[in-house]
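Since the structure comes first, as structure tokens, the remarks are kept for the end.
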Amino acid sequence: MAIKLFTLIFISLGFANLSSAETIKIGVVGPRTGSAAAEGTAFDEGIALALDAIRAKGGIHGSSVEVVFEDTGGGPEKAAAAFEKLVTKDKVAIVLGESHSSAALAEIEVANRYHTPFIVAEAWADAIMEKKYPSVFRAGPYNTDVVNSTIVQFIKEGHFKKVSIVAENSDWGKGIGALTDSALKKEKIEHSLTEVDQNAKDFYPSLNKVKTEKPDLVLAYIYSFGLHTFVSQARELSVSPNALVLDGAGPPSLWGEFWTNVGKAGDGELFISPMHESVQPNAEAKAFWNAYKKKFSKSPSDYKIRSAYITVLLAADALERANSTEPSDVVNALEKTNFSAPTGKIHFGTKQGDIHYHQWSPQMLAVQWQNRKQVVVFPKNVATGTIEFSK
Amino acid sequence: MATKSKRSIKWLIGISIALAALLLPKFASDYGIHIAIISLFYVLMSSSWNLVAGFTGQVSFAHAAFAAIGAYASSLMAIHYNLPIPLTIVFGTCIAGTLGHVLGRLCLPLGGTYLSLVTLSFAEILRIVITNEDQWTRGTMGLQVPGIFRDYSKTKYYLLFLAITVFAVLGLNLLIRSRMGLRFRAVMDDEIAAASVGVHTTNIRVLAFTLSSLIAGLAGALYGHYAMLISPDIGSLAQMFLILAMTMIGGLGSIEGPIFGAILLEVLSEQIRSFGEYHLLVFGVISLLIVRFAPQGLAGLLRRQRWKLF
Amino acid sequence: MNGLVMGAIYALSAAGVSLVAGVMRVINFSHGEFYILGAYFSYYFSVSLGLNPVLAAVVAMGFLFLIGLFIERTLIRSTYGQPMQSMIITFILSIVLQNIALISFGPYPKKPPAFSEDSVHFIGDFNYGIQRLIAGSSSLFLFCLFYLFIKKTRFGLKIRAVAQDPQMAEAVGIHSKRIRLVSFGLAVALAGAAGVVLSPTFPVVPTSGEPLTLSAFVVIVFGGMGSIRGCLMGGLLLGLAENFGSAYISTMYSQVFGFILLIGIILFRPTGIYGNKI
């Protein structure tokens, strides 16, 4: 009996991988469980659309493409293990995805160890690209850029006088919180910075502190459902609508549960997003929008659907040009990327030591919920309305 | 009955397992070796938890927390003071052992339920402290940890884990079969009777508790330097549940039970990985059934069957 | 203020744990999971089936009572007199229920409709959410009901008798088996009641149960296991301690204060403020 058991175990260890050579595998990492599991669903939809597009073109040089989506649970440990599994068991040619900075920071170490090409889609911490790993790319926003070209500009344009920054204690929250803090210091705009626990349910103590500062804008760098709790409790303590609340991440304000969880407090709330129905800069953007509507018979809400879609297509494009699954060939092809995506032309910087090294980021918008309708209020050239202050 | 053939079968089993274990890196993929290493980590964890739960009858909820202590202590020493890693592992192990000893001294005299509640609180406090002192530990963001070997090799890690696990399990086996082991069980079966024949119950329990925290600390430290990344999750209650389930399913209070259980559950959870969240539910239901209907676990079931066979 | 409201909430959440610990000598690890089930049930009855929220709450509690009876019969009854065994079983059960909740209700928070999203304005610049006040006062109300039930009814008397001395109770003709069964069902229903009352303020996710169980443990150790008065005192103390702690020491450590108090009390006064030792 014991022998049987052990043989069974060893067999399953030894022959754990049996992959066919005909298909090219693309690995995706992202949260499918845990508090941000909604992102997993968004990624799933984006991947499905991208696979449709690739299939319509006849695959990559005739080979079909398979996506293996591993769950990270949003945590670094599980993320590193998931990445390792994709490389060692599934033998994927390239990995992409991620929407948690802490998880991405763990994954880039594994990517670097195995020289696996990795495109980060939605993890914003600057630190991810600061290590300058040769196989790591990012085709998505990063904190410095979001703060300098979106948030600070938005604050200046809206003439906000007093800003309270509330940042969760994650790599993303701490990073973007500190960056905003120093950027506002440079601009000489009065502000404060409060750190909150990313798993907190009761924001009363922090909000009471914020309230004494009498801000006219609260920057909430809180991800996931914590944001909903924060927004509704801000209203309970009448921090809002005296002050507007800006969700510095975006997706939580677009999740289906947003309105049930925040109720009235949601009206007037602002959030960051690179995507809006009225902002369609090119044919690719329209194609994505229509394809989504056709497949899911609703409009895309979470912009991370589109991020996943873009990154899968980007990876397929690189694999096609590389005509090989050798890591070095794929990295070379990625460096020569010139890809028309719904967010614009994607190309990566190749100068070592530059902040744009292997980095590309889209223009972000600020959107406000006005009577449960999304109104783009920033930047001016694409705005569909103006900021509504408390009535 | 046929004791001679029984013994030779035992030897045969032992030698083939040892050979298979040694040769594993030769024919398993990197992924296979990875699972084997994680299995060995869990063998260490559940065997040492079993020492307290299975042999002295006390339920500690801080076992995963002690692994976290070992992992963080060793990693922080290696990162901030640049000490050689074997030394920091010893340091992490000792810290876990010392804390285990203090905690055991304080609450073992109070008895079962209170020990459980205190260890539970201790584990939670530790988790919150690690999460919040992020200027040191990087909290939930995860701490990057240097590896043991200069060039990364799964085979080397595997052999190291294998050596330490074999050593620890043989040690535990010897201990349980010694006079001390008799006292352990005496304490569990009948505390009052044990005390009346001169067994100092608290001392015995503290000893077991300290030893078990020591091994957990060692396992945690090794794990940290292997995974090269640690987060407060290694000390979480979910992790604790896994250790508990492995021990219960394998067989509480036996030497081979936790080993079986740990390897079985780790391999199984990799196999049903694609089902995502279902694996905890499956393990939970299986362990509920086992605890309710076969408290001796798989080891107990096997033993009963062997009696029938011979 | 927030401390007192949270205190009442904690007291109600811990009442079931206290009852089970007192009557059955069982430390119920899965209490928090019954709490989230209560919240999910009331969410589904009121949102999906469109029942009146109060009616939905009552139905949810009824369901949980039955679930409690079932679990007592199948899992808990065989472990009487073995506190370790029952703790392990309820611990595993908590993981099982958590994952059942995850699979059947999904990972997203569920928030039954709130009665009010506004806040009341107190003197000066002080506001407080009405819904949270409702949660606090209904917690207190339910807790008092439970208290009166235990202290003033014949059935409550029987429960107390079994808690004090099961053999003696048996001798005077009380079916201690049945009392335990009903007590467990009652405790589970109480957990469900807490879920019903609190979820409009704190939407639940499948993992919300764990912190609740832990704080309930802190409360019953404070108040002494099995003491209902102690439960209320313990709840209020914990609410205040967390609130003052986070106001004056650190918000990040608010939970830690409870655990430190728990360890301190166990080490120096294991019987709690009022109660009795298990």
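As written, the chain order gives the labels A, B and C, with residue 1 at the start of each chain.
The rule is short, and it goes like this: a residue touches a chain if its C-beta (ideal position, glycine included) is under 8 Å from a C-beta of that chain, and two chains touch if they have at least 3 such contacts.
Note that the structure is predicted; figures quoted are calculated from it, not measured.
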Touch-based graph of the chains, sorted into line, ring, star, complete or other: complete
Chain pair with the higher count of C-beta pairs in contact (A-C, B-C): B-C
Most distant chain from chain C by Cα centroid: A
Rounded Å distance between chain A and chain B, as computed from the means of their C-alpha atoms: 37
Between chain B and chain C, centroid-to-centroid distance (C-alpha), Å: 32
Interchain centroid distance [CA atoms averaged], chain A/chain C, Å: 38
Multi-chain contact sites of chain A, meaning residues that touch two or more partners: 33, 169, 197
Two or more partner chains touched - positions in chain C: 102, 252
Chain B: positions in contact with at least two other chains: 132, 277
Of all residues in chain C, those that touch chain B in their complex: 27, 74-75, 78, 83-85, 87-89, 91-93, 95-96, 98-100, 102-103, 210, 214, 217-218, 221, 250, 252-253, 255-256, 259-260, 262-263, 266-267, 270, 278
Contacting residues of chain A [partner chain B, same complex]: 1-3, 5-6, 9-10, 12-14, 16-17, 32-33, 71, 75-78, 80-81, 84-85, 88-89, 101-102, 105-106, 109, 113, 169-171, 174, 197-198
Chain A - residues contacting chain C, complex: 33-35, 37-38, 169, 195-197, 200-202, 204-206, 211, 225, 228-229, 232-233, 235-238, 255-257, 260-261, 263-265
Sites on chain B touched by chain C in the complex: 53, 57-59, 106-107, 110, 112-114, 116-118, 120-122, 124-125, 128-129, 132, 237-238, 241, 244-245, 248, 277-278, 280-281, 283-285, 287-288, 291-292, 295
Touching residues on chain B, where the partner in the complex is chain A: 13, 16-17, 20, 24, 27-36, 131-132, 134, 139-142, 144, 152, 227-231, 233-234, 256, 260, 263-264, 267, 270-271, 273, 276-277, 302, 305-306
